[in-house]
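Take a look at the structures below.
The two complexes that follow have chain A in common; it is paired with chain B in the first and with chain C in the second.
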Partner chain A sequence: MIATLRETCRQLLSDGKVDVVIGYGHDAAADGAEDAPVYPVFITKPEDAGRLVWNDRCHANLAVYLKHEEIRSLGRAAIIVKGCDQRSLVVLEKESQLDRSKIYVIGIACDGLDRPKCRTCDVHEPRGADVIIGHKAAGTGYPCAGGVPSANGTQGLPDTLPDDRYAELRAFLARPSAERLAYWRQELARCVKCYACRQVCPMCYCRRCIVDKNRPQIISTSATLKGNFAWHITRAFHLAGRCVGCEECSRACPMGIDLRLLNLSVAQAAEENFAFRAGDDPAAEPVIGSYAIQDKEDFIR
Partner chain B sequence: MNEPQEFQPKIIAYVCNWCTYLGADLAGTNRLEYPANVRVIRLPCTGRIDFNLIVKAFEMGGDAVLVSGCHPGDCHYTAGNYHARRRWMLFRPLLEAFGIETERVHFTWISAAEGRKWQQVVAELTETTRKLGPYTGYREICEAKG
Partner chain C sequence: MSESLSIAALGKLVDCWIAEGRHVTGPRRINGRLLYARLDSAADLDLTEDERPRNSIKQVLFPRHEELYGYKLGHKRIELTESETPIAEQIVVAARPCDAALGPILDHVFNWDYKDTQYNRRRELTTIVTLACRHHDAHCFCTSVGSAPDDPRGSDVMLHAMDEGILEVCCLTEKGSRLFAGRCDNLPSPSSGRGAGGEGISGDIANQPVLPLTPAISHRENGTAPPRRFDLDKVQEFLAQGFEDSRWPDLARRCLGCGACAYTCPTCHCFDIVDEGAGKEGVRARNWDACQFVPFTLHASGHNPRSRQNQRQRQRIYHKFRIYPEKFGPLLCTGCGNCTRNCPVGLGVAPVLAEIARNTP
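Showing the complex of A and B:
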């Protein structure tokens, strides 16, 4: 499978179809060591395609790199996506942040990488990709990690568990509100405002983030609880109807703050109220930015 | 003269220029009495009301927030209140997840003719907020050092 991936990329580059392949790879110094750390790599020469890897450490959502000027300047890009990452492309395209006809999408069939999101994954095979590498072997699951079962032995995950997607959130919401506030107080006390959650998010593409604006300074920039709450409320809500649940923000957080519940709460509201899931349907109007006269709520008097 | 003072909640009301502000104005010209606990902030439209303003209100010591604008279909800008409604439908669940007391965040539609409704809403809101007491939960967060 990895051979197919490398060959596909080599072809794309040598045929001049794309100028850069955004993928997962080892550092050049790793010299092919299997357990070497996995980095995002930007392959511009066909002979470098051998650096590409696929294993259960390929967590990153590479869609984030499409927003970077220095990557865009490399020319036409091919991007390697998992099913979950592909949703980000749908949202970005809907928001006119990328021209789908100008990028080449290499989808990888994935059976889960031992991340929380993988437990309720329903897109093991990316949709709307130009080519899909790997395929579902009859009844056994997806060739994660190049056909090797992933560490947690999740090979052969059922296709969908949509009802459980919000199970963790529901359990959290069942706790009294004071307890929930106390939980976030404790978690956000660790936040150092490095904004890694923003940098790693494919949807945070504003040239100038609201938190960096100081006229007026609506969000306190200091890493105190006050500023941290304001920031995390803002971050989560600016992703309303846009967050595809790639969980990169939680993974990137150096302080180990699990931001998933916040993203999930808005996502659940969008799904329950508007039958909308970010990145699911390329034809659907963005949930914020559109409205329906028949929207129903029960809290406005 | 040493009776304990009754708690006077601070209520921040973000109102739209075209309906609720005029409704409140009407309440005034009609000499309708309502508690002075409400601080009215006039904005062009509910569609303009950034969710950050709600957070800001709590940061600055508000005990409750009221967001009020034109009834659906009556927006001066055609659809501002529809957009606002959608926003609050997504924002409330986020506040819930944060454990921020949503019973302190109120939304109403009050038209320019509903001076009476403005009076009632403010009176009720002041009463319910008085029962809830000062919003110490969020205040502690805002005052925490480090």
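Showing the complex of A and C:
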């Protein structure tokens, strides 16, 4: 699989189809070591395609780089995406943030990252890519249950059923509201406002984030309980119907705050009330960007 | 001269300190993650050695949000009210040496022209009990910046974990000695002798002279120290002329521009002053800030002298390895590796400097 990935990228660069491949790689000095750190790389020369890697530490949602001026200046890009990352491309395109025809999308089949592996994924094989590398293990497509060994011998995770997606959220919402508030007070009290959650997120592309606007200062910049609640609630709302659930914000948080629950909550509202999932259907109008007279509002409380 | 103490006895001591009204901070496991946090009791103290807390102890001396004074606008006059000066005694227990070193480093900044009352008061009230490292991970690089896993800089007490749950206690300052000397009744009396029953402090630490600082070489010799990641001389040689070097955009291209590196760094100390309040009344406060953020250098005119992310990364490296050392002497880096450990894309001091050193002849 890795050989195919490298060859595909080498070919794209040598044919001049793209100027840069945004992918995952090792340091040149890592010299192919198995446990070498993995991070985003920007390959511009065909001979450097060998630096590309693929393993279960390839977390980053590389779509975040498409908005960076420094990356745009490198020219026409090919981008390596997992199923979740590809959905963020759909949202960005719907929001006029990228021209899909000007990027080359290399989808890579992913049986879940991290330990434990991503639990709520149902796009182990990206859709809408120009090329797909690898394929999901037989029998793991939605709908199905139970993992089976995938081609590389690891335990492939099944695509989740709609019911599973919000299981964790439902369990949380079943707790009394005072308990839930106590949970968030305890969690958000740790936030130091490093904004890693914002910076890793492809959807946070505002040229000037509301917390950075200080005339007037709408949201307190202080990392106090008040300032932290204001920030995280604002961000969750701004991601309503837009968050694709790549979970990078939770992974990026140095203080270990599990922001997924907030995002899941708004995702569930969009799915249950508007039958809308961010990045799922390229033809669907964004739930926040469209209005119909029959739109429900009874979920607003 | 040193004494020994069992881990259980350290726990009892921690509970005593807390019972006496001190604020005790130490490594604590929260949601599976090891973080320095206030301890409610010794049971919260997590002495896992092969994992470094993902934040730093900076918060204890330099809180991320601190009220400086209150203000009230009246008719042609402004009334200022002093904010409360910190009064609680603070203890950090099981700090890593790369955290403990932050005191002497921050002291320069907060006493350079203006003597910062609140910082100095906190510093006075804080005692740092350090646990020397016997383990390191892939991100540790203290030995690359002239430090070591048992570097005593900034520590009031140094604990060395021995086998079988025994800690060797070396009091390095008067403040440290006071903390361990006969402060708890439920510990065996000094006369019970060294290591009796594996419990309690042996010997009368209060009467021991303050120890001279010894060069930290033992860990390097027995191989538990992290390997050197870069040649500091080469790095500083490069920085002396490398400000405009064409490699900076490549070195920092993947930087996403968050402040995870700066906010978990023991030594990053930039802050922002904000007024918070409604209308004519409020407080002036000091919040952490980071050079990686776009608004950090944004002028009122709209001009930004550091308009690109690689310039902001370069600034962070220069501040740590050239600007601060030129002004105050020591490096503004203790080699803790938190910048890389917490970076969503694996950047940080060591990877950048290793790359620089590799390409500097």
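By our rule, the second predicted complex is superposed on the first by the 271 of 301 C-alpha atoms of A that agree within 3 Å, B and C clash if a C-alpha of one lies under 4 Å from a C-alpha of the other, contacts with A are read in each partner's own complex, and residues count from 1 in each chain.
Note that contacts are C-beta pairs under 8 Å (C-beta built on N, C-alpha and C of every residue); 3 or more make two chains touch, one makes a residue touch a chain.
Remember, it's a predicted structure, so these values are computed and weren't measured experimentally.
Looking at the shared chain after the overlay, A:Leu169 reaches chain B, while chain C stays out of its contact range. In the superposition on chain A, A:Thr224 makes contact with both chain B and chain C. When the two structures are aligned on the shared chain, A:Asp27 is found in touch with chain C, with no touch to chain B.
Put simply, chain A uses residues 220, 224 to touch chain B in one complex and chain C in the other. Partner chain B is touched in their complex by these residues of chain A: 169, 172-173, 177-185, 189, 210, 218-220, 224-226, 229-230, 233-234, 236-237, 240-241, 261-262, 264-266, 268-270, 273-274, 287-288, 290-293, 295, 297, 299-301. Chain A makes touch with chain C in their complex at residues 27, 29, 35, 37-42, 59-60, 64-65, 68-71, 187, 190, 192-196, 198-200, 208, 212, 214, 217, 220-224, 227, 248, 251-252, 254-258.
Looking at the complex, you find that chain B touches chain A at residues 50-52, 55-56, 59, 72-73, 79, 82-83, 85-102, 106-109, 121, 137-138, 141-146.
The touching residues of chain C, when paired with chain A in their complex, are 30-33, 35, 37, 54-55, 64-65, 138, 249, 253-254, 256-260, 262-264, 272, 274, 276, 285, 287-288, 290, 293-295, 308-310, 338, 342, 344-347, 351, 354-355, 358.
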